[in-house]
Every structure is written in structure tokens, then in C-alpha cells.
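This report concerns only the one structure given below.
Chains: A, B, C and D, in written order; residue numbering restarts at 1 for each.
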Amino acid sequence: MNMTMDMMKGAMSSSEMPMKGMDPAMMQECMEALSACMQACIMCADADAGEGMAKCAGMCANCADMCNTMMRMMLRMNGWDMQVMSSMMQTTTMMMRACSAECMTHAEMSEHCRMCAMACDQGVSAMEKLMGSMSEAMPVA
Amino acid sequence: MNMTMDMMKGAMSSSEMPMKGMDPAMMQECMEALSACMQACIMCADADAGEGMAKCAGMCANCADMCNTMMRMMLRMNGWDMQVMSSMMQTTTMMMRACSAECMTHAEMSEHCRMCAMACDQGVSAMEKLMGSMSEAMPVA
Amino acid sequence: MNMTMDMMKGAMSSSEMPMKGMDPAMMQECMEALSACMQACIMCADADAGEGMAKCAGMCANCADMCNTMMRMMLRMNGWDMQVMSSMMQTTTMMMRACSAECMTHAEMSEHCRMCAMACDQGVSAMEKLMGSMSEAMPVA
Amino acid sequence: MNMTMDMMKGAMSSSEMPMKGMDPAMMQECMEALSACMQACIMCADADAGEGMAKCAGMCANCADMCNTMMRMMLRMNGWDMQVMSSMMQTTTMMMRACSAECMTHAEMSEHCRMCAMACDQGVSAMEKLMGSMSEAMPVA
């Protein structure tokens, strides 16, 4: 992901939009966590379906779609609306937390759920860190 | 979209999750509006790029991705978490409102922006109607 | 979807790219079929997961993602590369055909599979019609 | 992505589907390249829009969507249909090759295009390597 970070720095330097309080390294870490969470959730949902775990499958599929969209929105700097970004970051964090909680209810019997919960937790941590660093720049929804 | 509605009714009747206050016809209307908004936003972003309108292109691309994810989450009833759904519905509505406002700033010179703003506005209306009907069933974020 | 068609006609009239053999109404019909197929597939995958039908769930999820991407590519006229479009149209048609076949194996016991197979079949028909009309404009992969 | 690879190995060991000729490490490398290519393409499209480069923006947006869908399909092992996977791998490779070619036409004046072309080229290499290793297991479309 070094290339992604180089491209982000280039975009930030040329963007007209003020990037107050934005740390490219922290955003990068966040996008890596979102990408890893999306991958884990897709695999977990795929495995769940063979085990009749419908709620876990549905939540993982939703979490995967949200992480994907969140990451794509972070990458499109020209499209940033700070209020929308802030609300989407909070919603995605809420989704990863809910998905982790569901996965943890069957983590003992299902290794993919245990790993998916870990990926969600790492996503939550990265998002909270980034949101904390941006709290002065972004309005709270 | 009649088939979608028939499948939704089938899913609702067999789902274990209580669907308090959920009107399939209202959800259906909402998903059609989200789908139309996604399509308009993708075409608007595509046209914007040839006209150097970076902010509009970025916001439309983000709005398209959010509408898409919102619609997919509505269709996966087993994955519903009411708090996440409520927050995502509010965030998507906020995104469509912001995208409409941006498009309206150049609606006079750009026909695709004018039409995209209309699609966003119809999405906002459909979402507000659905959220209003669900206000007793869903916690406010 | 009337607005989508109006926007498409506008884009076609202003596009520099030759749209040989392209019928907006036929494309419109195709995108509606892809959108309906995506929706049916997401609902079918969601229901499958509660019934332990892992293969059907995975194929429907893949079919939903492909239909979605195919529709988005059709809407972005500036990004059209005829060879890629042709190959993607063939691949998406292949996916819908495979998904329909899988769903049909349990259509008798599962109503959502029966309806999903119908949505896939309609998608296949619409794509074949469009590809037939474009055969003179597009290279065969 | 170590967690992704661990989950993939787990899924492969329990899957009923024969994974002839599949090397998890090679698939992992491929998915990382697809993810990096998607990210570069989204950023390149976002930057293109401010520079009036409509064709590059549209092709990059399409390439991003295809890489994303390809990666998601690779992760859903229960949904694999070898003929569809093979055709989708070839189409995605074709898309990345076309996107790289378009980006290279303005790589000298645009740093994001130069970097995006590199990400596409790495995606093409990873896909060709994986397709080569699978050629005995998969039918050629």
C-alpha cells in the first residue's frame, strides 16, 4: 500500500480542500484495516452459509459492503463532505462493532468467526484513532 | 420491481426478526429511488469528468456507492441491526442532500446535474418517508 | 427509469465516442434486468444462508456483484472500451446462466430460488438481445 | 493480509470443491494486487475529473469496480464456477491492460496516471501468474 500512500500525499498537496488534522499515515492504516475487514467478512459470510448461520452471514455481508464504500469514499478526496464523512465513519464503526459482537457469539465453535471478529475489532480501533485525530476538524453528527 | 417486492414479502413472512412498522411497499419505493439515484449519480460523475467538475464528480461517485450499499443492506433482512440501519439511513439521506446541493450549483449550465439533483431529491423524500414510518420501531442514533 | 434513459440519450448525443449500433431503449431494458437480477440474487443469498445452501449463496452473491458492476460500466460511457465491454457482457451472461442453473436445482422446495432463477433468465435474455444488436459494432472476444 | 491467507487456507481445507492447482499464496498475491489497483484507480479517477480527462476517469472507475468484484469473487470459494471465474479473470486482466494503456498516454504530465498504470501492470502480472498456474484446472473460455 506504499503506492496508495504516495498517491494520497500527492492528492492532498494539490487539493483545494483544507485537510485540517488529516494524517495520511493514519488514513492509510485505516484503509488497510477496512480492506482487511471487508475480506474477512466476505469469507466469513461465505462459510456461514454452509453452516446455516443466517444472521452472521447477513451482518458480515453488510459489514463488507460498508467497509468497501467507506474506503472508496476516503480515497476520493474531491468528493469529501465533512459532515457526511463524519457520519459515515461513525456508522461504519458501529457496523464493525455489531458484526464483531455477532461473530463472537460463535467464535468458539467457528474459527472463521473468531478471525472475522478480530478483523472487525482492528477496523474499529483504526477508525476510532482516525476520528479522534480529526475531532477538531470535523463536526460531530 | 414486482418480483423484488414478492421476494421481500416472502422473506418478511419467514424471518424470525420482528419487522415492526415495516411497510414492504414503502421499502420497495425507497429501493427504487436509491437505485435511480445511483444510476443518475454514476452518469453525472462520468459527464462531470469531461467538464473539469471534480467536486461534483467525487460527490456523485460517493453518493452512488452509498445508495448502492444502502439498497443492498435493505435487501438482506437477516443482517439487519436496527441501530446500524437507522444510522446508515440517516447518513445516506445526508449524502443525497449534499449531492443534490452541489449539483444544483451548476444545474443551469448542466442538464445532467439538474437531473441528478432531482434523483437525489426523490431519494431523500423516499428515505424520509420510510424513516418516518419506522420511527417507532427504530432507535434514533 | 425514465430519467436514466433521458440522461443516457443526453450522454450519447454529446459523447465523442461512436455509439455504433447502440439502442438506448435496449440498453435501458438491459440495465433494468441487471438491477432486478442483482436484487433477487442478494435476497436469495440472504435466504440461502439460513438453509445451509452454501453453493447457491456464493453463486448468487457473485452474480449480484457482477450484475452491479456490469450496470455501472454501461452507465459510464466515457469509460467504454469495446473489447472489455464485450468480454464483460459475455462473462456476466455466463454468470447469470450458471446462477440460474444452480437455483433451479432447488426451485421446487425454495420459492426464492425459483424467483431468482427467473430474474437471472430475464437478465440473460436482455443481455443476449443487446449483444445481438451490437454484434456489428463490437469485436467478439 | 496474513489473516486473509489464514482464512483462505481454512476455507480451502474444508471446502468440498476440488481446488486443483490452486496456490493460496499466489491467490493472496493476486488479491493484494487487485486491491492496490482498485485503490489507485479510484484516486486516479478522482484526480482526472479535475483535469477534464473523461476517458481516463471512466476507464479507471470501471477498472476499480472490476478489480473489486474479481477480488470478492475470489474470496467466496463456495460460489466458484470455474468457467465463470476463468472468464472473469481474463476480462479483468483485459480491463487492467486497457486502463494502463490509457493512463500511460498522459503519464508524463500526470503523476497519478503514471502510478495508476504501474498498479494496473502489477495487477496484470499477478493475474497472469495465477491463470498460468491454474491452466490445467480451469477450462479456457
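Quick notes
By definition in this document, a contact is a pair of C-beta atoms (placed from the backbone, for glycine too) under 8 Å apart; a residue touches a chain by one contact, two chains touch by 3 or more.
A quick note: this is a predicted structure, and the numbers were derived from the prediction, not measured.
Shared contact partners of subunit A and subunit B, listed by label: C, D.
Chain pairs A-D and B-D differ in how many C-beta pairs they share in contact, with the greater number at A-D. Counting the residue numbers used at the interface between subunit B and subunit C, over half appear in both copies, so the two copies meet with largely the same residues. A straight line joining the Cα centres of subunit B and subunit D is 29 Å long. Centre-to-centre spacing of subunit A and subunit D amounts to 21 Å, using the average Cα coordinate of each chain. Contact with two or more other chains is made by residues 45-47, 49-50, 54, 57-58, 61, 68, 72, 76-79 of subunit A.
Within the complex formed with subunit A, the residues of subunit C that make contact are 45-54, 57-58, 61.
Per the touch definition, subunit C reaches subunit B in the complex via residues 1, 3-4, 6-8, 10-11, 14, 31, 35-36, 39-40, 42-47, 49-50, 64, 68, 71-72, 75-79, 111-112, 115-116, 118-119.
Every residue of subunit B that touches subunit A in the complex is listed here, in rising order: 54-55, 57-62, 65-66, 68-69, 72-73, 76-81, 83-84, 87-88, 90-91, 94-95, 98.
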